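Both of the next two complexes hold chain A, though its partner changes from chain B to chain C.
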Partner chain A sequence: MYGQGLLKGLSVTLKRYINTYVDDFKWWGKRYFNAEGIAHRSSKDANGIFTVQYPEEKLPTPEEFRYVPFLVYDEGANGEKNIRCTSCGICAKACPPQCIWIVRSSDPVTGRPVPQPAEFYIDADICMNCGFCAEYCPFDAIKMDHDYELASYGRNVFDKERLMKPASYYAQIRPLNNAREETARAEKAAAKAAKAAVTN
Partner chain B sequence: MTTPAVETLDLAAKFAGVTADTRPGYAGWIVPAEALTQFASFVRDELGYDLLSSLTAVDYLEQNQFEVVYHAYKTAGGPGLVFKVQIPRQDPAKVASVTPIWPGAEYQEREAYDLYGIIFENHPDLRRILMWEGFEGYPMRKDWKEAFYEEEAKPLKSRWPEGRHTLAETRVPFGDNVSFKPGFDPEKWTPTDPEELLYATLRKYTSETKDGITTDHVLVNMGPQHPSTHGVFRAVAMLDGEIVVSLKPVMGYLHRNHEKIGERNTFLQNMPYTDRLDYFNSMYNNWGYSLAVEKLLGVAVPERAEYLRVIMGELSRIQNHLILFGMLWNDLGAYFTPALYAFEERELILDIFEAVSGTRMMCNYHRFGGVSRDVDAASLEKIKGLVFERLPRRVEEMNRLLSENEIFVSRMKGIGYLSPEDSIAYSVTGPNLRAAGIPYDIRRADPYGIYDRFEFDIPVRHNSDLLDRYLIRMDEIQQSLRILRQALQQLPEGPVLTGKPQYQVKVPAGEAYGRVEAPKGELGYYVVSNGKGNPYRYHIRTPSFINITSLEKMCVGGKIADFVTILGMVDIVLGELDR
Partner chain C sequence: MTANELNTPGYEIPDDLKDVVAITTLDKVYNFGRRSSIWPMMFGLACCAIEMIAAQASRYDLARFGMEVMRPSPRQADMMLVAGTVTKKMVPAIVRLYNQMPEPKYVVAMGACASGGGPFKEGYNVVAGIDKFLPVDVYIPGCPPTPQALVYGLIKLQEKIDKQSIKTVRWYQKGADSVETPIPFLGPDLIDPRRIPEIKAKAAELANPPAEAAN
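Right after this comes the complex of A and B.
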């Protein structure tokens, strides 16, 4: 019969339409504006309305999510910021669009290079969020951020001050990565200490 | 891994003047320029290489020669044949066109002309294709320098250790490399119609008088800003009433000279750039490129990484096809209901990509010799949930929603026919070729990765019209799910990368062609290394660009309203078409 295919298709839309209400009733009051509801709507069992009401609701960012990088600093006992970056330049060399700019510092007296950046810029408008800098930095000093709300009216050239974030923040957004790296660093330090003990 | 060997065939003995390419790391045959036409016919007719996969040029500045490189394959399967023509690097550099032999070479030759200034004699319509008419210079030549040029290759010295940031926009864009055509004075210039050359190719008619009324053809521009063209794409059609008499696509609006950027980049830096080609399928774009470079490097990929590549690649294929259905319905006027249904499933797949690779669309997931990171348990669970439970149901629902709809069927059945012979001749690949009854799929014809381990069928349909091109994609989703089920069951434990992560890879000199069956068709990367940190040549044979060659053939004789659907079914994406 002509029109059967059309009706078949329309039955799908009708079913979907009804499903939105069924799901809303099933999840009465819990479907929107809370973490559980959002998780349900992005799970394999999601039915009915799919939309996340951004900005009132936000999808959780997975650990590996990557956005414009930041520089990690360790907090000292007196609140000083010990930047981990040694200005080795690897990230600047690996960066595909070449948006990392680093000025190496040197000792004012001897003129010898000091393992710390004097200036560090990331041209965030050019950054393609590839994650190479974080992937290849040998000192866990630069990491990809989760903060994606960077819209602005002007250019976003981030300087060292703007880029620095504490290690605790890193541990909070990437707990698994952080734990893995801490173990690796501890092992390395232990191996070094053992070696030093042997040579003494 | 099965690396397709080049046919062990002594062409030098069979064909006078042809010599084997003996440069270290190179393969194939060098054909004298005068013998090209004959040789190409011989290769197609006597040896059976009916599909010209890729045609491109390389500028060997030091040797002072241009090389045109051809990759031909058999649709019956098996390894390919590479041959090259070397010509002196001087203007005018001339090579015979192979378009009369393989019509699929038409746009590829135009591209080589556009970017290298090589003139293909006897080409039916040799105009620029990606750059605009009136552009001066040939940007892929090694001595051509782009705006904001700093150095031959990255990493740039200005970034470290004295990297004081300067805003790009405060610099003079062209430095001192602005050049104009001889005799061109920008002060005195008045624009002539730059499109005259294009329109002239379409005016193949004489106005006629019927019953005392003079009839004329109408020239219609669709695009570049047109909702049906899926981006900034333009088609110029000559119409007789509603019927298309001739049609030319105009492209390049999104051209950024990806290949030039690629030749300035280091090998690894190109990986995230490939994401931006077909931005629906970055997982697959990564794959083709890693395959080519891995051939040069000779590294093996660990088992688990091979499986992850397949899993991500097939998930990518499913969402690509779903989006195509949704967008097709948009084009046909069923505004956004099917499209949004398709988007739901796609979102779930992208959630997985995000959790695994870090980004939804620009995945940058592959590394030479593996993948960047392992998949976590939660994501694996989610993939299983999708593959074993949700997707089969949802795809079936999509099928019910669309496949039998009478309006849909009447708009598709018998429309946009392209004969199987023409499909091969025009180098059509992917689902559209298989809808013409040719069971050619690189996953089977020339397996890469671990595809030879899975049981799956290559779906074939025979009518070669829009309906079959639609249905074959439904079939392919089913096969992808089948592959995914096997891959998920077999997924072994183990490392996902061979060797240590490295940002500077040492690639031995030579050439390699890596090709994969991307969701849109054959995606090939031709990479030449001269042992330095960046590729000497980096060429991409994209399915969108080459499948569009047959657009005119499919549209002529049909109604202009069907153009929209035909174009939709070619499944183009401008990031890849314009590069």
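Right after this comes the complex of A and C.
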């Protein structure tokens, strides 16, 4: 008999359609616009139609999700921003599409270089979100962001002010990575201190 | 639209007529109609098109914004979603399609390649950004932008349309269209293929310096 496959397919669609209402009743008013609801609809137990009502609710981003990079700064005691970047330029060299532009700064009195970027630009309209800059950075200064709401009415060339985000923000979006890097940094500091103690 | 959004502030409606009369401007009605039925043109150029398809499908469902009807003909489209790498070979076709679209028309550059050339920005066969040829309204960074990033860009476009006015919008001006769409031509490349033998000879010379060869 012909047409069995067609009926089977249509029954799947019908099942989805009915399941949407079944799920709506089960979750009574809590299916949309809250974190719990979207977590359920993203899981394997989801039934029926599972549209993400985007501007009102957002899909939870996985930790390794990466978008345009940002510069991490440590917050000082008096609210000053201690940028981790030393303007070494490794990220700019590693960047495959070469979208990073760094201007190094020098001391105005002595004229010697200061390990701080005077300007730091990332052309977000060139960046291909590969994450090589974050991978290669020896100071954990540049990291991949989770913020994908970047669309604008002009070319997106981000300057240093736009790129700088606090270390607490990084810890919030990538908790596991941050913890791993914190322990690595602490171990390194301890080893350095032990070595200094031995030589003295 | 709610009554507050529809009503133009500045006109007092008597209390007994509040539920009967709404005063609005032509711009608001026009923009509401325009922004709620943006029909994108159905074409994709590279991997960004996959994300565009994902955004169009039931998971993200652009029908919520009135953008579900993807038109394969430029005559019926309002928005050109340049999704992907624009090669020099494709640019004449894209500009021609843009010229065939009826006004009002909008261009969204989706992804790194369409906005600025992306990783191919210095490539011999890729246009470094469609904005060299078309007036782009919204730039969406990302490689490729996730469906949510794309939807955000389209919401931005809707916000832009909300602020437009029939008086100032470029396609209702007298005279020729203020934006001139250039006729694409293949410009000089970084490497001229006619000079490849010369380049190869130079490369060979650099690989084996003549001093070494003399020894």
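Operating definition for what follows: the second predicted complex is superposed on the first by the 195 of 200 C-alpha atoms of A that agree within 3 Å, B and C clash if a C-alpha of one lies under 4 Å from a C-alpha of the other, contacts with A are read in each partner's own complex, and residues count from 1 in each chain.
We adopt the following convention: a residue touches a chain if its C-beta (ideal position, glycine included) is under 8 Å from a C-beta of that chain, and two chains touch if they have at least 3 such contacts.
Small disclaimer: the values here were computed from a predicted structure and weren't measured.
Touch counts on chain A: comparing chain C and chain B, the chain ahead is B. Within the superposed three-chain model, A:F50 lies in touch with chain B and with chain C [touch as defined at top]. Contacts of A:A151 after superposition on the shared chain: chain C is touched, whereas chain B is not. Contacts of A:K58 after superposition: chain C is touched, whereas chain B is not reached. Using the contact criterion defined above for the overlaid structures, shared-chain residue A:G89 touches chain B, although it does not reach chain C. Shared-chain residue A:Y170: touches no atom of chain B or chain C. Of the two partner chains placed by superposition, only chain C is touched by A:V68; chain B is not. Shared-chain residue A:N129: touches chain B and chain C both. Shared contact residues on chain A (touching chain B in one structure, chain C in the other): 50, 96, 123, 126, 128-130, 155. Interface residues of chain A facing chain C in the complex, by the touch rule stated above, are 49-55, 58-59, 67-68, 96-97, 123-130, 148-156. Residues of chain B that touch chain A in their complex: 154-156, 158-165, 167-168, 265, 268-273, 337, 341, 344, 347-348, 351, 354-359, 362, 364, 372-373, 382, 385-386, 389-390, 397, 400-409, 501, 503-504. Taken in their complex, chain C has these residues touching chain A: 58-61, 64, 109, 112, 115-119, 121, 129, 131, 137-143, 145-146, 148-149, 151-153, 155-156, 160.
Chain A meets chain B in the complex at residues 2-6, 8-9, 11-13, 16, 42-46, 50, 62-66, 87, 89-90, 92-96, 98, 100-104, 113, 119, 121, 123, 126, 128-132, 135-136, 144, 155, 157.
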